[in-house]
Structures are given as structure tokens and as C-alpha cells.
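Labels for the chains are A, B, C and D, by order of writing; each one numbers its residues from 1.
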Amino acid sequence: MLSFSLIPIILTIIIAFAAPLLPISDPNRANLSVRYIPPLSEAFILGTDRQGNEVVHPERNPDLFPSSVVERYIPPVPKHYLLGGDSLGRDMLSRLIWGSRISLLIGIFANVAVVMISVFFGLLAGYLGGRVDGVIMRLVDVGLAFPGLLLALLILTVLGPSVINMAIAVILSSVPLNIRFFRGQVLTVRNAKYVEAARLLGYNNLRIMFREVLPNVMPLVITVTALNATSFFIFTAGFSLIGMGLKPPDPDWGTIMSDGLRALYEAPAVILGPTILISVLAVCFNVLGDEVQKILSPRESQL
Amino acid sequence: MSVAAATEPVLAVRDLHTHFFTKTGTVRAVNGVSFSIYPGEIVGLVGESGCGKSVTAMSILGLVDAPGRVVNGTIAFDGRDMRKMSGGQLRRVRGHEIAMIFQNPIGALNPVFSVGRQLVEAIRTHQRVSRREAYRQAVGLLERVGIPDPEQRLPQYPHQFSGGMAQRVVIAMALANRPKLLIADEPTTALDVTIQAQIIDLLAELNQEFGMAVLHITHNMALVAESCARTIVMYGGKIAESGQTDVVFDDPKHPYTQALLGSVPDLDQPEQIIDPLEGFPPDITREWTGCEFEPRCSQRFEQCSVENPLLREVAAGHAVRCHLYPAAS
Amino acid sequence: MILRSGAAAVAGGVGAAALAACGEAEVVEKTVTVTVTEVKEVVKEVPVETVVTKEVVKEVPVETVVTKEVIKEVPVVEVREVEVEKVVTQEKVVEVEVEKVVTQEKVVEVMAENPKADSLVIALPVTQRVDDLDGSQVYEFQTKIHAFSTSESLLLYDYQTQTLKPRLAESWEVAPDATSVTFTLREGVTWHNGDPFTPEDVVFNFNRIFRDDDPYHAEGTFYYNGFAQPFYDSTEVLDARTVRVNLNKPDALAAEKFGALDSSYMAHPPSVMEHGNREYSTDPDKYVGTGPYIPVELRPAELVRMVRNENWWGPKPDFDELIFRLFPGGSAGADARVNALLAGEVDVALYTPATRRNDLFRAPGIGAKWYPNFVLVYFYINHTFPLFQDHRVRQAVARSFDRVSYHEATSGPTVVPWGRFWFPGSPYLNDSAELDYDPAQVESLMQDAGFSKGGDGVWANGDMRAEFKIQYRGDPGSPPDQETFWMQGLNDLGFSVELEAWDPAIGADFENGPYAQQNLHVGGWGVGVFLGDPAFAYQRWTAGDDFARSYMDNAEMNQLYQDILVEADAANRTAKVHRMQEIAAEQVAWIPNTVATLGAAWREEKVTNVTSGATQYSYPWLYKVAPV
Amino acid sequence: MSRYIARRLLSIIPLLIAVSIIVFAMSKALPGDPVEIFLRQADISNPEIVAAMKDKYGLNDPLPNQYWTWLTLMFRGDMGESILRGEPVAELLFRGMRNTFSVATASVVLVVVVGWTMGVVAAVVHNRGWHQAITRFLAQAPVLMLSIPGFGIAVFMVLAFGVTLGWLPTSGVSNPRSGEDDILDLAKHLILPTIGLALASVGGNWRLARNTMIEILREDYIRMAHAKGLPLWRVYFVHGLRTTLVPLLTSAGLLFGSLLTGSFILEYIFAWPGIGLMMVESTVSRDVPVVMGGTMLIAIMYLFINLVVDILYAFVDPRVRYA
């Protein structure tokens, strides 16, 4: 099960990193004559138009063929569109692959940042308690009073759309909830016998927090990270949808989804691509979280 | 209880096998256990942790959780085979004819319901009485198990009770329907020593008063000696030795029983050197060709690693599973 | 007619009011000659035991009436409804309305047979003020559609023929010096509550709309009155049927502005005074208008329901009930509108998206109607940006956008690019075909301007590189496809262009704002129909639009504008406009990108091509429901 | 109990003040001047008009004064007028909130009824060692529900049940041909948006209920309940679920809060006139009064829902009540 869920994740990461090396076309090159061409299509290229774009055979794609663009005739050359074309006839396969770079950046790296920050403050608040706990939790309460999406929307509006700002918005809006969660977990571990033992041994608080308490909340940290990954994918897609995501024409999965949302009925393949990818990865992350938790927590592994 | 009535056992367990089918292998928690309990009798089931005594109790009530399953044997209660009963029939027996009390009394009470509600629920599940009547009975029960101010205690929640008081509540709940058999699974382990004695005394009293049989599961030899008429010693999912308590304690045959008794400090002989048992409980995920106790046994010989001994009667009512005692002689 | 639900109630109410107004008016029984204009059979099958006949005589300002009503004895098993429209005697007009009241149960039975009656549900996109019933207070074009069924202006501008037509006013006359305009009001117009429509009402409304200091001025809601307000001086009643609007400076377009401008719709003075502008416009119970339909229910963001105004001055409005179902505007509600149409929940869907054209064309029973409505997207060019100070560079940029290909590919048959946008003869602008996509022309224009391609293939002239950004507007659900495509075209032709999200909050202040050093942006879009006169359009520039600034220093342009305002001769005006176009084509302040869109789609089996009554004014693309 | 509620209520006040300060500060940090944006949209750039409008909206006062004016007005229910829509913000928000509330409530009900029940069933099946395939399915199905974006399902449902089969309405909150506010009509319109909106949360709660319940089924009091001979449904749904409620309530409270704004994609697909899309549109077009009022309103609702959840904790778990 573990490797089963790891393979797609690792594969996606590898493909994302290798995107510049792969023999795929420019993800931003528009070619209107293959606008919304369905997946697995083979377009017969007649020649190039005045903008240097390939023009496909009219009989192959009569609906999409603009009459005015062909200037000269060249014998047809087939070209494959494995995942079809989008609203501007950009190659969906290429866009999905390039888009994975940014989606993974948010889904994994922003996620790691969220978890690191949350675990740190959760540990501080939960373990130290007292005034530290009071201050942290009051701030968390204020943060929690804004639903995450609204907070992120406001942050993005103030900062303007970009990858970094989107990451900041995602981090700031999901940290309060995570801190509260981890604090709760730390509280259950704090009074455990082994923690008391460590205290009696005279270890300092930092050591106890990170050597005794942290390992014991680790299974949950991993589960939460996996769950966060899913929601972050969908979260960023939502922002791209309302035009607050990335700078076009660079693709991320959310941008592609928002592109597809306009053509849900005409070209469902556009939105299906990233949706399926996100779903598969989300399932993988969920399963991964469960499996890791089973391995790390002995009680589960008996079953 | 008259001895004449005691000829039919209230519970007869024959060749009980309960196995847990885990990913790492089959755990043979109970592996061929047979014993009987007669009406009004207190039987002690002893052994170290993981020997299968609790699983035996759960098997009797049909409460073994997945991945565990009773794979073989018969459990005859009052002449009826519990294993052949439907779920509904089983539930009519549970709590009504066979009651059970647990090691951790606070944990055995649902923290979100008041004690009264849980008692009333126990009564009304098996008796067609009004809520008011059940409540009245609950007050009587609490009084009987020695809880002062029962009227005030009933609306309270489990976390407001001390361990001993909670165990009394659990006992009251078990007694609610006057069961024929009470299975007490380590009823005193989680309690202070002084409370332990009170609970044991209470159980003995109730045994006298209601005439119910008690299966007392414990790892505490001293408690068994104190309260039980008969003792069954379990090791590795099997019965190592069984017999009248005084016989077993005075003349332990099985090396394991001897070792157990040897590790109990005797208050009369403060200078005695305690001789704890070396080694670990057996790996019961594998089928033993030899004796399960062989690796830890101080009196082992060749046969012990070759052949699994059978439970044999060495004297009337005294059976031992050990190659040292080849046959009744 | 009385067998139908909503209309019956209204008719009853009006009848009662008429009776009351007549006071002692006799019900004349026997002796009059009557012209029966229409005999309509309403119910055939339902046997009726008792028929109560009630006669209502409306408006009898006659001393000696020699009227006789002839009502044929109706057999008890057959009910006929006789509608007597006008009875003409020698001098006097008597209106007689005859109603037959059928017993209650029978009405219910008939209702059950035809529950939908004659209703039309229109899917309407709205983005902003969703709940105005008063035409003078509506904000955006799409929302006006329902407000224009309830309220009316003095005149109507027919954009298809580009002429003015009478509405509440029968005729109009602009003074020769263009300093006043006189309207002659239609006779017999009443408000929904029965009050007569008077010249005083016009005075009240014009003051309310065009004077900031009027106590009933609805601040900030009169979107379009900026065009007329600077010219307005006063309104005076000349006689019982005429009013005159006096201007403070000459304006050849006074009739269009004050008669047909969107903001000059008439509101009922007593109601406005009693309830205030907002309550009046948003509460159907408080609203009183003159329009062909009377609002009965308004649920913001949900629907507006109206019933036929039986006393409307024009031909009988088509529908018993008109329902505007409100959808979110923009692309948000577009798919939902099409879905609702496909599912049969609405009869007409306006502004259907191009991406659903195949769904609509392929669905059985769905028809599509061209409505010559246009969408335009301006690309503004920042003249203060050094690169764009040369008009040849501006022209080159304009010519690098292959609009024709883009619209043909993206919108297909539902949307066509208009080479000439606006209407014929508008300075707003030139024939954009002149600035159509032309790489060769781009090349020569850039070379003329002293640019040459550097090593990286980008045009450069000394230190100045052909490098700029296109600001696009990040609206929900609309990625900047056009800008992306255009950017690619520009980059292919030797410009170095990037996209940048344009924050609407920062705006397009090219001289001082954050984008002063940047350069091209999408200026927003417009849908709709504006007044057709070129001078009017030119005025819009001078009202302070950003893209017009670059022309403000042009003396000839300003002189032409002044001339046009007082030029009464249409041919001369057109000639002057053409000269303005030439100047504008040279300047290229912005790149028009206009398309005509598919206006509506509806279910064919229910809708036939019969335009009549009110609908022809308010929404010419709406058609009457015919029995299936 | 009432003291507990009072204490919780009081603890909200400082939070509200903090939230209001943040909302106010954020509205000031938003780029652009709302009046200028509005006027620009109306093609007006006359500086006198701009100044007059600013005066009218009090934008020339010192910041603390502006904050205080805003706060006092808001607590009197006056959140100003929408710059974009010209409507009183309170009315606008009330309308959006009412529509969002209905679909959010329906979603929470669906989550509770389906998600929690299936979670308990899945845990029981796991506990009783049913056939592997069933156990696996009940364990993995929620993961799938959690992973597929709800709007994909929503679009499919619109096409299938609305357009093709015609069983359910495709969009909107009411059928315009039915005259009155019909509760049945509303229910029909709620079905598809609710499923689309709640699907992921049903999966999440199913999973959470299953995991918590598996833990709880190992507790002694569940054995005790069995040993008492209680009927199975009583053991699982009374003794089991009742103790599972604390984490589930937390999750339901959070869900309700996130639905208040998180539903804008579904609102987009179903043309649902809720507050999510309204807030997004207002933020994008800088309709600051709506953004401020809406954010405050949502924050207050959110705090209120959390308060309700906290009070429910006390009802569900006596240990909280007596702590």
C-alpha cells in the first residue's frame, strides 16, 4: 500500500523537476486552430499561419478551423495531442506537466512550512503552557475567527497575486487551525510518564519538547500534512479560479481548472486533467498518511 | 448452596480455542482450554499477562473483537451451547445470566452518562420494569454494594467516583439481574490494597448471598488463595494446572505454578528470598511441538522440547500439564 | 382573460376603480350602437350554470351619451367574453368594458387546465444593482431590461434604425438655436395607480434627475445623466400637454438626451416624495410607473415578477405575467442560464456564452436569435509612456493583434468581430479594419519610427527598447485569453511583452498612478446600446474618459466637436464626424476590439416570432409565447 | 451551566475587538481608494466630486475616528452602503447570508446524517471483522470522496439530474413560476448544491468518525455495554457515538464556518446567490464596505458557531461541564 501510494507522488515530483528536459511543446504557445481539441487527437498540420502557428486539417477539426488564417499549403503532417488543447489551443499535456511545478510547490513546500510553524508553536503553547500558551492561543483564536479562505483572499488582495504571495496566504490562513490541533495533541502527551521521567532526569524544556514530545505527536503530524496537501491543491485552484492566483500565461493546475471551468460543457477534458491528477495525488497522500501513521503508531500495526 | 445442586456445572468449557488472525500471524491466545464451574462456586483463573485468561472470559461471553475468533470448542452454559446461540439469545444471557466486571472500573463506565442512567439501563435491558422502578432498584443495589448516599450518587458521572466506588458501581450493575455466573476480570488490579480487600470481601459476601458462581480472573496468587475454592492456572493459552485451591497451593505440581508461588512474598516469612521467574511468556503465534514452558523451566528434560504434554489428573480433581507427571499414579 | 389568475385580479381592481371614479355614472342598458372590435372565446368546454354579467363603464366625460350596449344573450352553457374597446359616437368617446364573472369553481377548473397561463420566464444576468424597478435609477444595461418594462421615458431611441420614436411624448421639437426642446405628451397616459400622467410630472422628474440640489435627487445612481446634466437649465409647463426643457448652452442632441437617455425615465412624483427614491425603486408595493407591466414581486438576486398593465396606452402587452429570473452576471451565471434553458426552467436566456453554442445548437427545441448587441474591449495605450509617444509605434501595436482570427476561433458563429464598431458614422472610432492585423505594416511602421531589431530580435531605437507590459483585469472566472494571445503576437513581431494583473483599485491613472511607467491595459468592457449620434459619443470622451485625453489638445478635434453640437444639418454633421475619425485613426489612443454577441436563446416550440406591444420597445429580441 | 455559557460569551468580546481592528486595518491596507474606484467605473474623475464623496463616506477623518464611527455604526446594524451595488450592506449581507445559511445547514445535516452514520458503521464493520472487501471499501470510500473536488461532481449532477433527466432544478433558489416561498421548492433546489458542497466533508467526517470510533470500540465501557447485553444499536449509536461526538462536533463547527465563504465555486456553478461569491466579487472590485461588513459578520458568525460548539461539548461531555 505504501509503495502503491508513493509511486504516483514521486513520479509527479520527478516529472515536475524534469519538465524542461522533456520533449514536450511550449506550454504557453497558443494555437487557435486546435482550440479545445479533444484528447488523443491527431491533428493534421497543413502549414503555418501568419503568426507561425500550425494550422490543422479542416476536415479533421471543422468546427475549430478558422478560414482566414492559412496562407500556404504544405502536405499534411500529423501531430498528436495526447491530452487535447485548451482555450487557446495550448498543449494540455505540456501545461499539466509545467503546471505541476507550481502546484507541488504550494501543495508540498508551503505545506511543510505550515506544519513546521504549527508544530513549533503548538509545542510551545502545549508544552510550556501558562502565559506563552495564553498569548499564542489568543492570537490563534483571532486567526480562527476568519475563515481560512476569506483570510487568504484578503491577504492576496493586499499583497497582489504571485506564487510567493499565494504561498504566504495559504500559510497564514491555515496555520492557526494547525497550531490549535497540534497543541491539543501535545497536551495529551505532555503529562505522559516518559515526559515526566525526562523532566525528572533534568533535561531542559527544549530537549523534552523535541526529543520526547515531538516524536510522539509525529504520526499525527504526518497524517495532517498529508491531509493538508489535498486541501492546499484545491485551495490554490480556487484562487486561480477567481483570477488571484498566478501571473498568466504560466500554468498551474488551478489556472488550468479555472480555464476548464469556462468550458466545462464544451471541452470537459480541460478540467478533467488537473481534477483527476489532484484526486489521484490526494488519494495517494491520504493513503500515505494512513500508512505512515500505522507504521509509527504500534497500536494500529497490530491489525 | 447445597452440594447436591452442584452436580450440574453452571458453565462447562470444553476444548476452547480462540485465535487472533493478525497480519504478523495467528495468535493462539486460547488454545484448548477445558474447565467447569459449579453453581455457587468461586473459581480463580490465574496466570501472567498474556496467558489467555482474559480472552477466555471474553470467549465465554462471545465478546472477542476482530481479528480474534473462537475457532473451536464448546461453551455450555446451563446446558446451552453459547457458541450456537444467536446474537439475540447471547444478549439475553449477557448481563442477565452471566455478568462481568472489569479491571479498570472507571474505564468500564461510560464517561458521558450518569451512573444512574447506566444502572437503570442495565436493569431495564433485561427486566420489564418502569423507569421509576428501575431507579428504585438501582438505589437498592448501590446501597447493597456499600455506597453511601446512593440517591445523591446516582445522577453523578463516573469521573466523580473513586476507583473503589466505581468498582462497587460496576458490581452493582453486574448484580442488577441476579446472574448465575459473575466473571470478574482482574476486579482489583487497579485498586489500592485496602480497597482490594473490601472488594474481595464484597464479592465473597455477594457470592454467599445470591448464590452465584464467580470466575475470578487474576494474576494475584494471594487473592486466589484467599477467596477461591478452586484454582486454574493458565500458561501460554493452555491450562497448566487446576485443582482445589488448598491442594494447588499446598502441593503445586507444575513447575510454573511452583515458580508463581515462589515469587509471591510471604508476609509470615519476611526473610524469604523471592525467586522471580526468568524469561518471557511464550511466542504463541507458532505451534509448539514441545512444552510452551520448556524454555523457562528449571526441571526440563529431552521430552519437554519434543512433545507437548497433555493435561492429566494426578489426583482427584487435581490436573497438571507436565511431562514430570506422566499419568495418574 | 378573466379566467387567468394574475390578470383577473388586476382587471377586477381597475374595473372597481373606474366605477368609483365615475360616481353616479349610469349603467346604460339598451339603446346604443356598439362596435364590437373583438370577440374572443375564452372557454368552450366548461359548462356554466350561472353567469353574472357586470358592466363597467369607464371614463364617461359626456353630457349626452347615446350609447347602447348590445350584449347578446349568452346561453347558460356557453360563456363568451365580449370586449368592447371603443365606442364612437358623433363627438365623444366612451369606453365600455364588459366583464363576465363566472362562478368561482369554474375558474379554478379552467386554471388547472392551463396552469402556466401566458407567462414568460427570462433568464437575466445581473452583476450590480439587481433590484431597481425605476428606469431612472438603474445602473447597468443588463438590469435595465426589467426596469424598462415598468417605467418609460418620453422618447425611445431605436438603435436599429438609429431614429427617435415617440413614447410618453407624441412629438418633440428642438429649437433652431438648439437651446431648448419641447415635448408634446401623449394623451390618456395613466400611472399604474390610475393617476393621469401630466406635464408637472415631467418637470418634477427632470429636476429630480438633472439638478443636484433637488430634494429628491437620487445621488450617485444616475449613471448616464452626466451627458445631459451640464446642459440642463430648467423645465417649464407650456400647457396641459407640452413641456419645454431649457438648456444653458446649445445642444443639437437635446431631444435624445432629455427624451431618451436612460436616466430620464419617469417616476411617479407622489410616490417618490412619500417613500424616497430607494424605497420607491425597490419595493413593488410602493412602485408606481407607467410601463406596460406592473411589478408585483421582487426578490433581490432571485426574481422580478410583473403582470400586464391592462390600462397601458399602447397595444395590449403580450404576456399575462413576465418573470425575470436573476442570475449572477459575468461568466458566473452564464452556464447556469444555459443549463436552466436546456432544462426548460426558463423560456429565454440572455447573453449565452460562446462556449455553450454547441449545446444550444444541438439541443432540440432551442432556437437562437441574433441580437445586434455588442461587447467591446478597449485596449488603452498610455501616451505618456515614452515608447508610445510616437503614433507609428501605437499603430504598430494595434496592428499586431489578430482580432479576426481570435474571435473566429474563440466565438465562432455566436460572436462576430465588428470591423467597424459603434454605429456607422461614429467618431468612436474609425473603421478598425484600417488597423487590422498586418505584420508587414508593423515592420514598416516600426522602421519608419526609427526602430531596428537588435540581436535578441526586439525592436530598439537607441536606448529605447520596444518593451512593455499589458495590464489585464483579473476578474473571477475570466483568464486573460485575449491578452495572452495578443502578447504572443507582439512577441512574435519583435516586441518584448509581459502580462501583468491590473488591480482595478489602483486604476488606470497613466500620468500619476503606479502604471504611469507601464503602458497598455484592458480598459474594461461595455455591453450595449448607446445613443447613436456621433456627437453624443464624442461628448463621452470629453467627459473625462482616460482614452480621450490624448485628443484634448488637438485644436481641430475640439473645434469639430463644438461645431457638431450646433450643426443642425445631418449631412454636414456626418462629414465633420468623418474628419474626426481620420484624426482619431492617426492617433490610436486605444485599440477597439468589438464583437457582436448572440443575444438570446429560447425554446423554439414555445416561442414564435410575433412582436407586439410593449416588448417591441423594451426588448426587441423577445418573442411571444404561442400555444404548443 | 449558565455561568459556563456566560463565561464563554464574555471571552468572545476581546476577540471581536481584535477582529474588528484587523478588519479595519486590512480595509485601509487594501490598495486603492474605494471612492475613486467607484467614480472611475462611472467615468467620473472630477476632483470636486471625489472630495465630496470622500467627505460623505468620512474618509478624510483621522483613522481612530474612522474606526470608532465604523464600529459604533456597525453595532447599530448600519454597515454603510455598498459602493458597487448601492444597497445597504446589511441588507445585502443578510440576503447572501440567508441563502448561504440554508445550503450550509443542509450540508451540515447531510454530513452528520450520512458521514457520521457511515463512520460508525465502518468502525463496527472493522471491529467485528467482516469480510475484507467490505471493510476496505468502508475505509477507503471516504478517502475518495475527500479527494475528488466537489465541483466536478456538481457539474456532472447538473447535467445528469437537471438538464438530461429534468428531475431537479439546475440552479437558483426557487422556481419563478411557483408564486410563494415554498419550502418544498427550496428543498428541491437545495439537493444538488448540498451534495456538491458536502461531499468532501461527508468523506472527512466519515473517516474521522470511523477512526475515533475504532479507538472507542476498544474501550472497556463498550465491552461493558456488550456484557450488559445491550442491543447492538444501543452499544454503537448510544454508547459509542455519544463519546465520539466531541471531535465530530469540532469538525462540524469548523465545517459550518468554512462553508460560509468556502462555497463560492459551488455558488458559481449553481448560480446560488450566497455570500461566498458576493465576498469574492466585493473583494476583487474593492467594495470596501461590503468586505468590511461581510468579514465582520462572518467572523462573528464563526465565533458564534464555535461558541455553540463549545456549549454543545458541555452537553455532550460532563467532564467539560464540571471542569
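Keep in mind that, in the parts below, a contact is a pair of C-beta atoms (placed from the backbone, for glycine too) under 8 Å apart; a residue touches a chain by one contact, two chains touch by 3 or more.
Note that the structure is a prediction, hence the values are computed from the model and not measured.
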Reference subunit C; chain at largest CA-centroid distance: B
Chain ID, smallest distance between chain and overall C-alpha centroids: D
Whole-Å gap separating subunit A and subunit B, where each centre is the average of the chain's CA atoms: 55
Centroid spacing, where centroids are CA-atom means, of subunit C and subunit D in whole angstrom: 38
Whole-Å gap between the CA centroids of subunit A and subunit D: 23
Averaged-CA centre spacing for the pair subunit D and subunit B, given as whole angstrom: 52
Sequence positions of subunit D contacting 2 or more other chains: 30-31, 159, 268, 280, 284, 286
Per-residue multi-chain contacts in subunit B, two or more chains: 67
Residues of subunit A whose C-beta touches two or more other chains: 160, 241-244, 261, 264-265
Contact footprint of subunit B on subunit D as seen in their complex: 126-130, 217-221, 223-232, 234, 239, 242-243, 316-319, 322
Touching residues (chain side subunit A, partner subunit C) in the complex: 28-30, 32-33, 35, 49-52, 63-64, 66-69, 87-89, 160-161, 241-244, 247-249, 255, 258-259, 261-266
Of subunit D, residues touching subunit C in the complex: 30-34, 36-37, 40-46, 53, 84-87, 91, 95-96, 99, 158-159, 162-163, 166, 169-177, 179, 267-271, 273, 277, 280-281, 284-286
Residue numbers on subunit C that touch subunit A, as the complex places them: 331, 335, 338, 353, 355-356, 358-359, 402, 404-406, 408-410, 412, 437, 439, 472, 474-481, 483-485, 487-489, 492, 499-501, 503
Subunit D - residues contacting subunit A, complex: 14-16, 18-19, 22, 26, 29-31, 143-144, 146-149, 151-152, 155, 159, 254, 257-258, 260-262, 264-265, 268, 279-280, 283-284, 286, 291, 295, 298-299, 302-303, 306
